[in-house]
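Have a look at this one.
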Amino acid sequence: MLHRHSHDLGLEPTHMLDQALGQRLMECRRQSLRLVEPLSDEDMVVQAMDDASPAKWHLAHTTWFYEAFALQPYVANYAPYSRDFAYCFNSYYETKGERHPRPHRGLLTRPTAKAVFEYRQHVDDALSTLFESESLDPETQTTLAHILEIGINHEQQHQELLLTDILALFARQPLHPAYSTKPRPAAIHSELQNGVKWLSFRGGVSEIGHSGPGFSYDNEGPRHHVLIHPFKLADRPVTNGEWQTFISDGGYADPLLWLAEGWDVVQKNNWDAPEYWHNKDDTWHQMTLHGSIPVEPSAPVSHISYYEADAFARWAGKRLPTEFEWEVATADLAPIGNTLGNNALRPVTAASQSEDKPQQMFGDVWEWTASSYQAYPGYQAPEGALGEYNGKFMCSQYVLRGGSCVTPDGHIRPTYRNFFYPHQRWQFSGVRLADNP
Amino acid sequence: MLHRHSHDLGLEPTHMLDQALGQRLMECRRQSLRLVEPLSDEDMVVQAMDDASPAKWHLAHTTWFYEAFALQPYVANYAPYSRDFAYCFNSYYETKGERHPRPHRGLLTRPTAKAVFEYRQHVDDALSTLFESESLDPETQTTLAHILEIGINHEQQHQELLLTDILALFARQPLHPAYSTKPRPAAIHSELQNGVKWLSFRGGVSEIGHSGPGFSYDNEGPRHHVLIHPFKLADRPVTNGEWQTFISDGGYADPLLWLAEGWDVVQKNNWDAPEYWHNKDDTWHQMTLHGSIPVEPSAPVSHISYYEADAFARWAGKRLPTEFEWEVATADLAPIGNTLGNNALRPVTAASQSEDKPQQMFGDVWEWTASSYQAYPGYQAPEGALGEYNGKFMCSQYVLRGGSCVTPDGHIRPTYRNFFYPHQRWQFSGVRLADNP
Amino acid sequence: MLHRHSHDLGLEPTHMLDQALGQRLMECRRQSLRLVEPLSDEDMVVQAMDDASPAKWHLAHTTWFYEAFALQPYVANYAPYSRDFAYCFNSYYETKGERHPRPHRGLLTRPTAKAVFEYRQHVDDALSTLFESESLDPETQTTLAHILEIGINHEQQHQELLLTDILALFARQPLHPAYSTKPRPAAIHSELQNGVKWLSFRGGVSEIGHSGPGFSYDNEGPRHHVLIHPFKLADRPVTNGEWQTFISDGGYADPLLWLAEGWDVVQKNNWDAPEYWHNKDDTWHQMTLHGSIPVEPSAPVSHISYYEADAFARWAGKRLPTEFEWEVATADLAPIGNTLGNNALRPVTAASQSEDKPQQMFGDVWEWTASSYQAYPGYQAPEGALGEYNGKFMCSQYVLRGGSCVTPDGHIRPTYRNFFYPHQRWQFSGVRLADNP
Amino acid sequence: MLHRHSHDLGLEPTHMLDQALGQRLMECRRQSLRLVEPLSDEDMVVQAMDDASPAKWHLAHTTWFYEAFALQPYVANYAPYSRDFAYCFNSYYETKGERHPRPHRGLLTRPTAKAVFEYRQHVDDALSTLFESESLDPETQTTLAHILEIGINHEQQHQELLLTDILALFARQPLHPAYSTKPRPAAIHSELQNGVKWLSFRGGVSEIGHSGPGFSYDNEGPRHHVLIHPFKLADRPVTNGEWQTFISDGGYADPLLWLAEGWDVVQKNNWDAPEYWHNKDDTWHQMTLHGSIPVEPSAPVSHISYYEADAFARWAGKRLPTEFEWEVATADLAPIGNTLGNNALRPVTAASQSEDKPQQMFGDVWEWTASSYQAYPGYQAPEGALGEYNGKFMCSQYVLRGGSCVTPDGHIRPTYRNFFYPHQRWQFSGVRLADNP
């Protein structure tokens, strides 16, 4: 999952400890604080479920990350803010020492939120001085620039998780509180409800994966050739309206539509709709960051598991795209869409951009693909602390592509590989159908 | 356990809705607020484990109790403060409607602590008006006086639970915070460490259970005759020092000392000392409401399970007293001791009061007895809402007697029966040995 | 439970290694073999559930018992039949070495049933020689006689368990096979269905527990005085017909009737009738050792838990008797009834014996009492191997009295204390109501 | 896993209901009976663990398969042998009605082994008549031939499972019995222990998957193009000797070598060696179908999980091959090796066949690949009963290739895809390393 991404330490000469980087870093740090403004101290300490983390933990963990990987190794005389903090806020780095057990993150009433804010300020101050220092040799500067770049991307990932975890928490409140108290922007109603257009792709040998300048995670490389068979792809994701038809048609009650493993999960958990859907006064409602609202039929369906995506596709007589098909289909598309900066805080119907290109590939919902999360050919785990476990999550998970309505702007690209277990659905996860020619 | 006590609705003519009752009620309400003063909002929302409840929940639940049993039924036009609150803060009254599941109490970040304080004020105001009302008929006055008396006792129980639950929470913090920041009173060192005196009792037919004026729970009656065999009782509880000897002697490693069920629990949980004990720098420390402190050898051992109490007794060649022996031994003793008002907030060595009487029967630690928690002969579950489930916890639990260092003053008496499951040990539970003549 | 009974080594001078004992021993050994005659090798190896043991295991364990406690310690040059057998067939004696884990007893396809029969023969031969030996000194003879007496009683307990465990196994077979292929004796229909007679007892100080000659377990003593309050007792157990009324009246659906713990168990397991009851063609059927048969309304209800017994009593406005009340009520009654020798293999309606005395106190069903299983005053765990854990099961269980339709004849007496956990119901367990005067 | 393979109903004209097919069918049926000859009735009824099935169940289930898919649909007037048998011995076909729960298969003492043998005979007789019938129209003949072909392959799969499940059962016996009482053939010692040879492959676009005549499962097709990158492959599987080095080097204790998921499994289960390995007298022994024997250093390691295979590869600085690389490497190799007919019943060192080709690709051990078990491009689930769930196991499992020492001869080919969950290791599963060029 996002917060478990591995990190690349292959140094690129383009990394520079310049003011531009400093400004992006501080803007990222401020953005985290803005995200918790609507939260009370109580909202920040509680852990909604094992998969989620408290908001306070996200704030502290992202801060610890800079301390552990940048300040302590490379800044002379820097002392860790607190040995206890390191214990509390390390996530999973075995080489970085003992950690507080993940399912107990919600027990940490101390350090308090206030102490965490002070911790952030302390680390921010130390980070700021880096950009004014004249004593750093060029190699250290390059290394630090690279690590800070990773730190920014790492914190952006946690910004998304913070929001999905708050949604998970608020959805468990009998009071159904709204995270956002601003007026909720109306959904844009378009023709999407009325049909889907199938776009054809010819296939052939394509290059897949990241290369060139700009940040990427190591799991996006090496760039390599893949043989793609001809395929068709829906021009937009599956909508809530279509999902309601699936429900009325008995989709959740027919074992023939499901993977055996998925059917077990459906029965064990009594799933009969996406996560956060509930029936009120005979109408499907959905818990969102705006509180509980009626389901919007033309918006992309969200909060579904891989199992549900797969069952829906079988019901529809289609299939999921592979992550390679998905990536090929983004050629010539700018990686922009309904992401966090858009402030919608939920998937919404987008206006058409063009008749011949897939819509909403970026933003709105992460799209489950048929691809198991595996290493690309030639992938080598980098050496060193940050690369400790580059491949250690490459098992039993599935790749999602494209970003969501709470992904920070700029934190998405065609080669970006997100990954979750097939039963998980607390992220903004949806699906786009594919078909054979 | 305390918070599950059932309640008696047998009306006594002595119950009066007078100013004395009103003052006791308001003092009790203020006391709850004083107890949470050292807590942050975060400390108040988190649930340390399934057995415990968040402090905020205790504050709200005790308030809901007055609303549900006094204000709504007996005050014309009183509207519940909030339907959601009733759902959130009902504990287990089936006839009072649906309840928030107990293990999810720690998810309730909303209503906030602030909202709960407002709720308390609202209910306090409504309760105050009762004492000024001139429109209540005498029968209603008597009924209300009785219910408020129960409400006070109910809230006192939760005051004790609030403290034990906070200790459970703080013990799970890597930072080991102290609840009490006041200077910790020194333990009084006395001769207790050096030996125990055995007091002999002749036995015979004794009267057991509550009768007469003054409040009691229904499980303390009816008063009835019990045949007691001659026995001996230790003049004081087992101390930490004696427990350390038990540990060094391999007490936790010898299956022959344990009940079969207890041995399973010991092995499954790797118990090797009382709850909250941990070894630091080769010295036993104990997490307390003062933070982590070295174990005090002459103080009564606390936070042990029934299994441990039983194993210790077998190791010592003694046994646990029955609850009847315990009660008989309190004849002529005033029910006072190291309780909450004493502010020690932990068991401490008491100075001798008398050479021939048992010491520390009240306060310090609840003392496990050999008695399974059962109904007394002739016990009848009362009718009505408060009596809904009078006997429903009378199974598989064991009786503890005497109160603890966090029991509110006055909330203890010779006939008081507390009860917990034999594996539970987050209460201030200790043990006093008995022997045959 | 039966197979966990502890054993007394207090030697009595009356124990003699004479021919009478030898004949009883060999008859007991043959009886075990007769009980497995209707079983295939497959029936003998499988374990129906964790609480149960395979028939083969019972056969081997009872044999190992004589080997471990009589032959090895007291017979010169006796070598254990097989070290593996000792590992496989020790039940829970910690001092007798490592044991095969209880829930894995059903994995033991080897040693085969045939090997176990050979093992039995080998041990029987060795036991026989004891009675012909002239080299045993008198003290050893007395000790051996005592141990063999315990061995017989121990094997009788396992004979009952063997049958209840076979019933548990056969009840899990889709084919519902019958253990007994003999014609099933008709139930005797009597006036029992039409009403219950309440017998009054005056109470007072009574003597409880075993004393005098004849075998008993250590938990039946010491004999001591108990103060009994006046009470009434039903002249017969609750019947299946009455239980059907309880069911139709919604007994399993009303939480107000249940202990809190019991209500949890009911809901978790979807209990809506006694164990082994199932509805076929709109008629309640019951799996028995004769296969599945229609429930017989006038026979005592069987296979109920303590929780169900307690809920039924509350529904009926009565209560369970204490074990002391039960024992007092057996004064002047001979301990005979519908036990194993009767061959009914199920509870049946007995003809009235007398108008003024309780019926069916012995045989038919074990009767749950309100008494937690505790040590009697003055109880001391004996020293030595057989007494290893005399009290180790005295926790969280409840006492049942009177024996059942599969208890070996003679293996029952007024002071006999059986005990099980309150949720267990695979034994032939029923209930008789008591009331206050 | 093997017994969950899906089945193809695409009819091929080459299927004929001729004598050759009849002879293969009856030989396959006899082979199942030969495999259980060393087993007692008790060995046949017990279920070693949830993943395994009893031998009796395998015998009955494979028989039910012919009844359900061939005799009942296509033979006029054929009545099912027993409705109970269908309930007991259906494995997972939802459209074929209710099933006995999988983890309870080991409770079925009835029908007895004897009854199952009679059931087999009954069905064999009915199958035999098919080959003599003159009333079947050509289309039905072709369909039946196809179904029987599937039935043979299905039964062969279960023959392998029967042996691995017996090994799992015998490994849980304290007596460590041998399945095979014939003299155990010596392991052939060769140069394998001393080094591995790396074979280079050029890559390029290759055809993968089955086509042409001969039986295959639907998951082996459609045949399609795959782009293979240049790679190197070890000429033989990893050996026990090499695995011992991995163990001594701390392989099971270093989290950096493991997938995060794998490390959790290792710690939870205290794995420190392959399944069935145990240390006796300071020497590694291995439970086999010949009983417990010293580990043979030059034989391929077996009974390892995907996690272990992956960790070993990381430790060795190599990786697992993809299933496509594996298939490409078998070009020009005959699919023969140490399979069931060889009677070794364990992996053994093979003599070199050639210097330039991979050894032991077939037989000995199933080889874990890096490939998640997914559908091939263009795969379509066939319609109809046998195709009910063709793809329903394509999730979270990994592909193994090549067959094992207990795979029936002829039941293996280069395109054969076996699959198991990454934690499973009771099959004869090993590993062969790959590397980048």
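Read from first to last, the chains carry the letters A, B, C and D; within each, the first residue is number 1.
Note that contacts are C-beta pairs under 8 Å (C-beta built on N, C-alpha and C of every residue); 3 or more make two chains touch, one makes a residue touch a chain.
Keep in mind that what you see is a predicted model, and the values were worked out from it rather than measured.
A.B. asks: State which chains count as neighbours of chain B and simultaneously of chain C.
C.D. replies: none
A.B. asks: By mean C-alpha coordinates, which chain is most distant from chain A?
C.D. replies: C
A.B. asks: In angstrom, rounded to a whole number, how far apart do the mean CA points of chain A and chain D lie?
C.D. replies: Between these chains, centre-to-centre, one finds 39 Å.
A.B. asks: Go ahead and note the Å separation of the Cα centroids belonging to chain B and chain D.
C.D. replies: Result: the chain centres lie 60 Å from each other.
A.B. asks: Quick one: report the Å distance separating chain A from chain B, using the average Cα coordinate of each chain.
C.D. replies: About 47 Å separates the centre of chain A from that of chain B.
A.B. asks: By the touch rule stated above, which residues of chain C touch at least two different other chains?
C.D. replies: Nothing qualifies.
A.B. asks: Which chains touch which?
C.D. replies: A-B, A-D, B-C, C-D
A.B. asks: Which residues of chain C touch chain B in their complex?
C.D. replies: Contact set of chain C toward chain B: 4, 92, 94-95, 205, 224-227, 229, 255-256, 258-263, 306-307, 310, 319, 370-372, 374-375, 377-378, 388-389, 391-396, 422, 436.
A.B. asks: Quick check: in the complex, which residue numbers of chain D touch chain C?
C.D. replies: Within the complex, chain D touches chain C at residues 40-46, 48, 56, 84, 87-88, 100, 104, 106-113, 169-170, 172-175, 177.
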